[in-house]
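The letters A, B and C name the chains in turn, as written, and every chain counts its residues from 1.
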């Protein structure tokens, strides 16, 4: 039972991450390889706010969303002025720089040693310590995120994002300030990603920079690639598939030393195969075509 | 002449080649002016300059007397200049209806915080806009296709869609780049009918056309361009029967 | 002291230039952001390790197999991954992501087969030579000489008919077809040369500082930066970019610490992108002018 709860919690956390990436990739058509950086910023900001300043989890998450959004503008304002390939490179750069900071600024983040003993979220005297209550906490965030994403994407704002994805030049000839829309989409996706970070940190009660590497960013892209993008179903399908997969591996009794490698190889292979044969993913509406 | 768009001494070079060479043109309000000339004469470049996609090396563009040179495309559009592309550029994975809807101006829900916090207003606007869009789709006879993805339309239908889209913009000046190219003759008549009616709706049309019959039938004025320069200007009959025109086209 | 670090930077920069040249060649002629170049680089180094240390072949045979293996891998990627994508009209983003999938797959395979720890190919003290106050190891000198040789060869290649054509290829296979060449054959040449260059670079680096499954990443990012600096002029860009990165990294290591090297590479990247996305050397071309 605990095992099932664990799976559901992880699916929930990844759902939030991938829905936010979907707004950027699936709806606006921007490839970002730094989503894990915002995930990490959310995790570390929430953790440090809770542990160094004794701030309540919910407020800490809220503040970390703001921090994530502000930092997103630092990378998006300059780099969204550049052509496609170059924007992607900037996101790779940002990802690398954030990881470097998390890993090397030991006095602030404890670097590779990580931060253990992260307290469980609590509110009005109730603590979300055991798996079943944590799942409820996760749902408490997942549901609004999905509603929020739906509101955004089904609105006139979302329609403009899609038009930018389809043909940026045509969109600008219709009077849309493409640059501004992209900045906003990027900020929204960064802010939501931070929520997952906070949830992840308090669930595992331990974080270190190795959870927020470029591989993680690519893993998120893999989920979108497999599940599909451009609609709300895609990330759901992708998250489920991709979280269940390693559990299946576990049943095959693969030794722990090589299990992570095998897992990454399966994801990588899936990524390649999907890019070639099914750029729309399993349930997506828009693909890399 | 009641001028709405004025080009003054526009020059633009690409890698040493003068695509537009000291071009000055006046476009009369509520009239249809055609730009004709062989390929490479600079017509599309001029459109791109007016639109803001390209900055001229020298010269100015005036719209309603005000200088719009160097403004970014979306700002120029907001001032009232709309563009129809030669290669259509509709939004493939949006429905026909959505293609038209997205073009309508003044949508409050395009601001993201309005989309969340002022939903009622957005929904009301959306209802009105959908009516307006449906009317436009009726106008171009695409109503029955409103919910299919634009990429699934035929070429001619996509052209009509792009016309509906530009009409949704409520622009004062419409830059139409080869609106009848590649379209079957029956559809061409539909398109010509649509364009003819536009000046009555207080719109000014500037048209790039290779189809001489179309030019003769609908234009009020014609500019002949050759190698980046204005070779001649006048009424359609005059320009088209002028020997200079034949020279330019046949390179004689 | 600073001279030593400059010299070190020059030699490591020389190796960056070589791999960047390969990357740039592929990027300019196929338009593909060949992330998997990092995988090819990695495989080249590990094949060298396999033949030299594990199978105990001599250095020349091992190097040969390294180049061979890398070229085969490069072409396999083009045939099995890029070509199918091309046929299905996948977008450039799709190519990039697929390429990164290949990179991920290969890196994890290598880690699986060889382990994550750093492997040294040259235990013991390297022979050194002094040039005034600067001391260089034999490998460093060989690296620099190789760089000079590769550069000269590349310039010569550019002047040949094939070379000229490839640079002009610039992702225009239709154009190539009309001139009567087979774009497929051209691609084989491009990927072979590009991959071989990666293998040369990684083999020399392997002999100098050893290998681990992550060396591909640093080489790849240095390549990307070099290509960005040079823009369309891949040769000049690779040389200037590679050497610049090498020297700057060396100085960073001297002044702060090796741990910030990657972040620093990126800072350079981002600064360049902001001020000169077309590269220092190419003429400015605005996005809109391709309308």
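Brief remarks follow.
By our rule, a residue touches a chain if its C-beta (ideal position, glycine included) is under 8 Å from a C-beta of that chain, and two chains touch if they have at least 3 such contacts.
Every value quoted in this text rests on a predicted model; they were computed, and no experiment measured them.
Distances between chain centres, each the mean of the C-alpha atoms, put B farthest from subunit C. Of all the chains shown, the one with its CA centroid nearest the global CA centroid is A. With centres taken as mean Cα positions, subunit C sits 47 Å from subunit B.
Note: centroid distance subunit A to subunit C, computed from Cα atoms, is 31 Å.
Here the spacing of subunit A and subunit B, counted between their Cα centres, is 41 Å. Within subunit A, residues 169 each touch two or more of the remaining chains. In subunit C, the residues touching two or more other chains are 288, 291. Subunit B has residues 53, 73 in contact with two or more other chains. Against subunit C, the residues of subunit A that register as touching in their complex are 31, 78-79, 82-86, 88-90, 92-94, 96-97, 99-101, 103-104, 169, 215, 218, 221-222, 225, 258, 261-262, 264-265, 267-269, 271-272, 275-277, 279, 287-289. Of all residues in subunit A, those touching subunit B in their complex are 148, 151-152, 155-160, 162-163, 165-167, 169-178, 184, 188, 230, 285-286. For subunit B in complex with subunit A, the residues that touch the partner chain are 51, 53, 72-74, 77-78, 82-83, 85, 89-94, 98, 101-103, 105, 107-112, 114-116, 119, 122, 125-126, 165, 169.
By the touch rule above, subunit C contacts subunit A in their complex via residues 33, 81, 84-85, 88-98, 100-105, 108-109, 111-112, 221, 224, 228, 257, 259-260, 262-263, 265-267, 269-270, 273-274, 277, 287-288, 291.
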